[in-house]
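Going in written order, the chains are labelled A, B and C, and every chain counts its residues from 1.
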Amino acid sequence: MTPLAREGGIALIVLALLLGAPALFSSPAFEDFIIRLSALALFASSLNLLVGASGMISFGHGMFYGFGAYAFALLMQRTALSLLPAFLLTLGLTALAALLVGGVCIRLKTIYFAFVTLAIQMLFYSVIISWESLTGGDQGLRGGIPRRVIAGLDINHQRHLYQVCALLLVVGLFAMRHITASPFGMTLRMIRDNEARAAFLGIPLWRPKLAVFVLAAVFAALGGVLASLFVSGAYPELADWPISGQAIFAVMLGGIESFLGPLAGSAILLALNDIFTRITEYHGLVQGGVILLFALGLRRGVLDFLRRDRARGEAASR
Amino acid sequence: MDLEALVACFGSLACVVTQTTSGLIVGLLLFLVAAGLTLIFGVLKIVNFAHGTFYMLGAYIAYSVLRASGSYGLAVLAAGAAMAVFGVAFERFLIARVYGGNVLMQLLICYAVVLIFDDLVKLVWGADFHAMGMPDAFQRAPIFIAGGVVPPFYAGLIAVSLCLAALLGLGLGVTRIGKIITAAADNPQMVSALGINTTALFALVFGLGGGLAGLAGALAAPVRSLSPGMGFSVLIESFIITVIGGMGSIAGALLAAIGIGLLRGFGTIGFPLFTDGLIYAAMILVLLLRPSGLFGREMV
Amino acid sequence: MKLEVRHLTKRFGGVAAIDDVTLAFPSGSLSAVIGPNGAGKSTFFNLISGAIRADGGHVLIDGEDITAHGQAAIVRRGLGRAFQVARFFPTMTVRENLMAAVAAHRGQWGDLMRRFPPPGASPRAREIAAMLGLADSSDRVAATLSHGDQKLLDIALALALEPKILLLDEPTAGMGPEERARMIDRVQHVWSEQKLTLVFIEHDMDIVFRIAERIAVLCYGRLLAAGTPAAIRGDPAVIAAYLGTEVLAP
């Protein structure tokens, strides 16, 4: 069986399980969790296309999450487009924005790249705050998302929103997996591993870099659209720096070397947050302690840790 | 956007003086924070995302010492000293464990420290805003320069910050250890080549950076409201300054800090809602023209 | 292919790292570039391969001026190089390294439609690995290879581009005598089999005088002498400035 067929099969099984789950047990809390997870996991995995797959550390990836949410909410509120065209148009607009931003950023190296992405995100955030007539300023875009119907599915119902989110999560992750496993993905890995060597194999570095920047932005916007559906609008927090921080945290928590690391990290992060907010007012204190334990104890993401541990076990038993 | 007000301000000497003064205190305070950041990056290649926490703790410590002793001078010195010690401890116990690791791992550790200390501040001082109030020594009539109002504390703050900047420049330029630090910031390989004790050097640089940030927090406390999380906006702007100046360059940081301070001073008049945006735009512009900042060395 | 440089000049600050060098490497020749440390040898390679821009002069491949070309264009023109500190992709296996290089060379680096490796990359990678004696290490992660094998892998990556001209920057640097002999064997083998124009930088004079057909001597950025080993051995300027008599004793 080819890897493509195997991974496609796994994706289908997982999707079937997710879609069938509500028939077996009805748990609004679980559905709510998956809805929130889908947005964060798509976003974090898209960040890992840059960080893990290409070695391009961005601090400002949240811009495209926010861009997706705002573009989608605006298209739904201000135009008569139905959901699917608005969704596709949002992804297209994000790609355009990313082309512009990426064109500026990819010229810069390492930490300068990281900070210029953050500066551009914060510039975008400032525009959202100050352009009140369009974005509602710091109040955000309220008034809900109208016409929430796709393929006859009314996603005002949490159950239907859950199904749409589960579908997009699995399809999105599968698409990103395919990207990293393609020859293009290998090119990104060459750039991450040794940029000078890649250049001297005749790869015009700016093209794959810009391409992956745009692709990552589009997947981040996909997460942003789901967030917009979930919160019924768009709020400045969706474009603020902690959003980027959260994605970085999820990626690091889960592991940058493992494809599913960001998904695992997102799930752990959301679960920890849910628990901490319930048990203590000082959840920053607890969360900080847990991060330190992870960072100093494992020194890598959970999945990376498990993988390496397993590899070591196999080597020892040989 | 209010360009008319901006033009009007430039037409009035009084307004220029007032805005320049407020711009300068913003810039100089940021410089004290950014100087530590840029040295730490230059020498250790560590991006210290917890630097804003040093600043915040400095402000809170000064607040409490002033309450207890009544002496603002003592409060400032205590904040500086405490944060120097804190900086060394932070480097020894946490950062030293992830040298050579992924920059994101450093980010994660710093982020954890930020979360923890924001909450600790909440526990000790409460979540509400605190105002330190003007120290007694500065409660006197404002100075007027060409019709512009300059509160005496502002004048003192500018003088003290400039002295600190000069002292720092002198210390780095003249003393042996200062020369080692500057040389190391310029060329990290040199340190190991000269057989310098890097453990002590790294701790020292963190202590210096922590002390400066603590001083900045204490100096800012009378004119800022204190709250958990106050370190963050300072952190972001200090980063912008170090990046614009070129990471590792003290001179670049000073120039960038004053520039950003003035941009903020006059930006609030012309673009009241978009002052932050102006600063981000300035950084993007500088990086487009000079990809390694004003005085940064080309990264190969 | 013939490689030529004319009046090539590069300054760093006020110092000329390469100063008005004019030199030709005939098609199919095996040449060495020698000179003391800081003579500008690596800069010379960097200029030829387009890694840095010259301040003056020209680089020509078969008479065509490539001075203004970028690295990628020069690679396509048939020039490959290996580096003083081996450059390769440490997290990939040897096979993946080579397959990725082959894919890049075939213009498939942007292919999103299929899984890696693209068809045909694997047999070609095996050929190249065999040519350099890396076949047995194909499935090892490159970071875990010995120093000598890493240098061989670097050369193998350059060969994946099917170059007509190959620049090797100190292929034997940091090696013990045995590894050194194996490397030189491989280099000679590759050169004769692929009919390359091969230029290498080397400090070991025994190797240089044993295998090179032509030798160019750089000293403080200037070309001191160029010619056959015999001619270089007898060149008074070279003896005075660099070699010292004891090295020249046959």
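One rule holds in what follows: a contact is a pair of C-beta atoms (placed from the backbone, for glycine too) under 8 Å apart; a residue touches a chain by one contact, two chains touch by 3 or more.
Only a predicted model underlies this, so the values are computations on that prediction, with no experimental measurement involved.
Trainee: Could you name the chain whose CA centroid falls nearest to the centroid of all protein CA atoms?
Mentor: A
Trainee: Based on the averaged CA atom positions, which chain is farthest from subunit A?
Mentor: Of all the other chains, the one whose centre lies farthest from subunit A is C.
Trainee: Just how far, in Å, is the C-alpha centre of subunit C from the one of subunit B?
Mentor: Whole-Å distance between the two chain centres: 49.
Trainee: If you average the CA atoms of subunit A and of subunit B, how many Å lie between those two points?
Mentor: Once rounded, the distance between the two centres reads 33 Å.
Trainee: Measure off the straight-line distance from the CA centroid of subunit A to the CA centroid of subunit C, and report it in whole Å.
Mentor: 43
Trainee: Tell me, which residues of subunit C touch at least two other chains?
Mentor: none
Trainee: Indicate the residues of subunit A shared as contacts by at least two other chains.
Mentor: In subunit A, no residue touches at least two other chains, as defined above.
Trainee: Could you please specify the touching residues of subunit B with respect to subunit A in the complex?
Mentor: Touching subunit A from subunit B are residues 41, 47, 94, 97-98, 101-105, 107-109, 111-116, 118-120, 122-123, 236, 239-240, 243, 247, 273-274, 276-277, 280-281, 283-284, 287-288, 291-293, 296, 299.
Trainee: Considering the complex alone, what residue numbers of subunit A touch subunit C?
Mentor: Result: residues 2-4, 178-179, 181-187, 189-190, 193-194, 196-204, 207-208, 211 of subunit A touch subunit C.
Trainee: Report the residues of subunit A in contact with subunit B in the complex, numbered from low to high.
Mentor: 51, 57, 104, 107-112, 114-116, 118-120, 122-123, 126-127, 129-130, 241, 245, 248-249, 251-252, 256, 282-285, 287-289, 291-292, 294-296, 299-300
Trainee: Going by the contact rule at the top, pick out the subunit C residues touching subunit A in the complex.
Mentor: Contact set of subunit C toward subunit A: 49, 51, 70-72, 75-76, 80-81, 83, 87-92, 96, 99-101, 103-105, 108-118, 154, 157-158, 160-161.
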